[in-house]
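Okay, here's the structure, questions in a sec.
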Amino acid sequence: MSDPVHLKTSPHLRGAHSVDKIMRHVVYALMPICLFSIVQFGLSALVLILTCTAVCVGTEHFACRLNGRPTTVGDWSAAITGVLLGLILPPSFPLWMAAVASVVSIGIGKLFFGGLGFNVFNPALVGRAFAQAAFTVPITTWTPAMAHARFKEFIPSTFTFPFAAPPDLRPWMERLQIDGFTGATPLALMKFDYVDTESAKLFVGTVAGSAGETSSMLILLCGLYLAYRKMLNWKIVASVLASAAVFSWIFWVKDPSVYPTPLFTLTSGGLMIGAVFMATDMVSSPVTPLGVVIYGSIIGVVTVMIRLFGGLNEGVMYAILLANAATPLINNLTQPRIYGAVRRKKEVKA
Amino acid sequence: MHLSAFNLSQFFGGTFSHGIHPAENKHFTEAKPIERLPFPAQLVLPLSMHAGKPSVPLVRKGQEVVRGEPIARADGFVSVPLHAPATGVISDIRLMPSARGPRVMSLILDVYPGDPQEVLYGAPVELDALSPKEIVQAVQDTGLVGLGGAAFPTHVKLTVPEGCSIDTVLINGCECEPFLTTDHRLMVEQAADLVKGTRILMRVLGAKRAVIGTETNKMDAVAAIQNVLLPNDTVSVKAVPTKYPQGAEKMLAKALVGREIPSGTFPSAVGLGVFNVATTTQMGQLMPMQRGVIERVVTVTGPGVKRPGNYIVPIGTPIRWLLNRCGFDGPAGHLIMGGPMMGGTVSSLDTPITKGCGGLLVLTEHQLTSEEQMKRYPCISCGACVDACPMHLNPCELGRLAYKGQYEPMAERYHLNDCFECGSCSYVCPAAIPLVQYFRIAKSSNREKVAKAS
Amino acid sequence: MNPGSFSAIFLDAFLINNFVLALFLGICPFLGVSGKVKTAGNMGMAVTFVMLVSSLCAFGLNHLLVKFELEFLRLICFIAVIASAVQLVEMAIKRFSPTLFRALGIFLPLITTNCAILGLALFQTAREYSFVQCLAFSLGAGAGFSLALLLMAGLREKLELADLPGLARGAALSLILAGMLSLAFMGFAGLGG
Amino acid sequence: MSAPEKMNLQTFTQGLWKENPVFVMMLGLCPVLAVTNTAMNALAMGLATTFVLICSGFLVSLLRKVIPKQVRIASYIIIIATFVTMADYLIQAISLEVYQALGAFIQLIVVNCIILGRAEAYASKNGPLKAVVNATGMGLGFTFALLCLGVVREVLGGGTLFGMQVMPDRFQPWSIFVLPPGGFFVLAFWLMLFAAFEERKQKKGVTA
Amino acid sequence: MSDIAQDAMELPPQPSPFRLVGTLGGIAVLSGLLVVMTYQWTKPAIERNQREALERAVFSVLPGAVRSEPVEMTGQTVFAGFDEADRRIGFALESEARGYQDLVRILYGFDPDRQKIIGMTVLQSTETPGLGDKIIRDPAFHANFEALDVSREVEVVKSGAKTEAWQIDGISGATVSSQAVGQAIRRGAELRERVLAFYRGDQTNRTDQTNLTERGGQP
């Protein structure tokens, strides 16, 4: 019997989770959403998601190599960024622009700050926000869901030549005899024309929108799985959704003819995917129990504020980025009261 | 959540908030009655197996000692005497490896083989006749220290600081560490001695009541204790939810009586005295006869041993001998003295069992979640550690500061010194950041700085 | 919301056309004093305060200049009067509230003549704001500046503990952060329209 | 700064590169970011600032013996404000379009610390000729920095340069570059580029 | 600048205060002189520039106009435009509405005879370049204002959906900016009424064109 060799300090046990495992499961949870997106928008959605994922992972890999460090793609977080980015772009988005957004996501959004764990903003949203400011028209160009030729041909703008502007989609839609499609998402219809969309349709997701944002039901289910596996902070999701619902309810009660119902608010646009998958990015959200709720509420309220009163018809992305920016302050202000703290203060006073 | 007026903790199942639920793994030994092993040929008795000043030897090399005889005396108040755990001869006094690492001065006792090993020392005392001060002295003479692990001299804890009065004694039978079952078996098998010891503690401290606290995974212990309690007894037993680290005195105080021990103070600040089950049981056994601590129950467990069990062994038994008895023959395994959450690995199998050691845990190679095997990542701010820390600290921020070597702000702004190193944060961290290790380094660096400054 | 109303002007200067993030005014103090949250908070207070004082001074002064048809001396007068007014107020604060002075103290002289302050005076004159509108404008601009400064300081404090790549050290980091904040603030565009 | 007596090439080039007010000293950043969405605006702003730098440097240097120490800053500010007001009117007279594009930033030249800094650190200690030469260098350095931003922002953000189309017809402009965030990003980009450049130069210097 | 500013204000009177005040005063006088000189010298050029800019704007919204005259309508100035034969083509009216980023100020030509808008130009906007700023020069958008019926409420519709004379085809991707222009035109309805009233009154006792100038015009 020889002497033990492993000298280490306590604790000697570890919980079941590890970073790569959590990240991998998030990718799994995103797969049904990707699948639905492809069913709904066809080949263009498929290549869009693949491009974003490949470019994100590739950027991270080559940047690590360039710096002479071992590659960090094994932690799967770059893959999440890529898949999510693909899911929040319009299906018709030209691939070269998606690639630019991916490089910005990983390059400026993540690696610039030191990589995994140090980025202060949600990388996928950094990429999208950049794209939204750079390519404003393509990123607000929508195509109809369930177009009948979606598995036979790509949307013409998908393979736009790099650095060129995408072609006008109207002739294509006319050829496909997509009549009456105004190119508007339910949110835009609501905002500019006060046209409501059936909630059932919104819930299932057979509406126009970003590739993966449309089915709030599916997103919620995938989120529930992750929450059940304790891989996502359900408190963030709950506070985003609750605050958005309450805030929009206040206006809806005031004037139902102009303002949408809380249900519409929750199920339309990117709120659901934002709340479930993007607000919950651990790196850029607070850690304290109270901070998490404040963070979620900021997102919910700012989203509704932008949707109802802003120039844009969607505000989830900006709301999350703003809340990301406020995260360090929130963390600072909501340090937990430690066990045994208050009484001591009293004692000191007395 | 702190709301002492309502005592909200009572609503939430009567426990503290946060904490973790590691797999209990008590099945190896929890049903195994305490078993007495034969004496080893040689005992190693470190002079400092307790917190405080080392004892001073009363014997010379080559001197014969009788089981139960004092062989070292206390050196001052925060120190305890040492009694011979067996009849034999002091063959040497020299430096020996210790559980804490550095070699310490130890008495080597060669046990006489075939000796009946009767305890001849000690005389019955009428405890009721003694003044509290005399009882404290009597406790010191038994050499009792906290058997829950800290090995802090028990008589010091019985000396209530000026201005405090103790109304409640809490007996800590949580044994929240996975694997260990020492206290559990003691409560089941020696409930009478436990309650006797409890009453002695109450009398010394002038407490009006006592609560024996255990976890819901030890309901047989609750039944056993209830059996020996009187109707309307001032001693009661209560099972609180099973959760780590329920056994930490701060958490227990919160769970049992809803009191928070203020940061930087002892339980006496809120009228409590907290003692471990093993300490209290020995108190009940030793005090009436004025004997000394010469043996203790040790759980030897884990998948790495063939015959896990709860063994009563003389203090000073070398681990190598004990492990041999229990069927540990493997290659170098992962040997932990104490529980998996707070215990330390031992550097040498010649380390002896000391008063504070309640368990030996042997994990096998493949269970070894060592840092080399578990890939380490940067902190991803998941907040799992924040939700786990029973002291409601912010291990995430502490860890990030420690990573950059900013030790002072850790203490100044993030309450580093309130961390009692329970390991809950490291346990849950998906990035496998050695948080507790960081915190130990930070604390000692800060201590050094303070020492240098003064 | 009526574009000229108090709340519209406040909101505009606070979020939509944030002085730092959208109009690029006061970049130097923004980059210089955003290292620590605490300092940033005090700086924000000081700037808001100075903005209020100089906005009101500029409002009064402009009336006089218009009355005597001396508009071509506007710039020279503005800068002189604002600097002196802040100096006077600083002395008054030092006298009457040493605590407040300690909080704002060192920042006051630093910001008296930065471009956010003068810009505020020039913009409100160009837009012909009334007294109440000036009030809303200066408070909104101050609040917006403080918000941007606090967010920036929080981020920079957090990033002090990060493994920044060599390229990202120094001013480039602050500028990228500012760019990101500016990008996020674009979400407020058209708010209340 | 102890003023070197002899005037040499450095008097002029100092501000262009080694002590470039924007890239090295990080001064006067507001106009750098605010008015560089087109190269034309950048050029106009740069020239206006250069004009004020030269004129105020000249006058301050002339009067350096007359102005008592105690009132020098007040005097400098008045002098600078004077030239800024003049520049303001001159630009209005030359082109209303440029004037409108630059907005209040012309008048904000008053608080640009490059100018006061130069007046205080150089012009008040040197003869008029040297002051003018140095101010010209600084002004051109500033203009150069503005153009660096303006060119990138206009070409990428609009596909044009000085209003003329330089990119192919089908080029998709990246509008972010003419928007506020783009200003920050492009400046950060230039700073990183120069930092990398300096680093490489230093490395070479070490090995050589 | 901190100590700099402080120095400037505290002025410890070591040299004779007269000298300090004198120097400052001297510099102030010099500065005043320089400014006034520049002001006087550039004034004609600036005024000409402004007038030209205004005229360019007025002419651009009143196709065919070669001369314009300001007309004071209670509280607001409008411009009447005349063609080569000195016939009045219409009036140029200003209006504004909130756009995507900030206020959008427009000037449009109004033909009271036909109750139509005959031209539009954006005076001021900070809409997004490449997107919202298409309202400034997108020819397709401007085609909307060659003959826009304002006898009833103007409506902005999706790009390509215009069917009626009172509708404006929006710019795709810049709905907000397009709406702002529509809104500004709707807001001008009241002013148009007044112009109309003025115009009718003007026509009834119209003798010659100068009448107009005498009534409301300013030199």
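The letters A, B, C, D and E name the chains in turn, as written, and every chain counts its residues from 1.
Methods note: a contact is a pair of C-beta atoms (placed from the backbone, for glycine too) under 8 Å apart; a residue touches a chain by one contact, two chains touch by 3 or more.
Fair warning: this is a prediction, and the values are worked out from it, not measured in the lab.
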If a chain touches chain A and chain E alike, it appears here: C, D
Any chain that touches chain B and chain A: C
Of C-E and A-D, pair with higher C-beta contact tally: C-E
Farthest chain (mean CA position) relative to chain D: B
Identity of the chain that, by mean CA position, is farthest from chain A: B
Inter-chain centre distance, chain D versus chain E - centres from mean C-alpha coordinates, in Å: 32
Approximate Å spacing (C-alpha centroids) for the pair chain C, chain D: 23
Chain B and chain C: spacing of chain centres that average the CA atoms, whole Å: 60
Interchain centroid distance [CA atoms averaged], chain B/chain D, Å: 71
Chain D: positions in contact with at least two other chains: 74, 77-78, 81-82, 85, 89, 113, 175-176, 179, 181-182, 185
Residue list for chain E, restricted to those that touch at least two other chains: 1, 5, 8, 31, 35, 39, 99-101, 128, 130-131, 176
Residues of chain C touching at least two other chains: 72-73, 76, 83, 113-114, 163, 167, 176, 180, 183, 186, 189-190, 193
Pairs of chains found to touch, sorted by chain label: A-B, A-C, A-D, A-E, B-C, C-D, C-E, D-E
List of chain E residues in touch with chain A within their complex: 99-101, 128, 130-131, 158, 160, 172-173, 175-176, 179
Residues of chain E defined as touching chain D within the complex: 1, 4-5, 7-8, 11-15, 19-20, 23-24, 27-28, 30-31, 34-35, 38-39, 42, 45-46, 49-50, 53, 128-131
Interfacial residue positions of chain A with respect to chain C in the complex: 67, 108, 111-115, 118, 120-121, 126, 129-130, 133, 302, 305-306, 309-312, 315, 317-319, 321-322, 324-329, 331-332
Contacting residues of chain A [partner chain B, same complex]: 1-15, 17-22, 75, 114-118, 233, 282-289, 292, 331, 335-344, 347
For the chain A and chain E complex, residues of the former touching the latter: 136-137, 140-141, 170, 182-184, 188, 192, 311
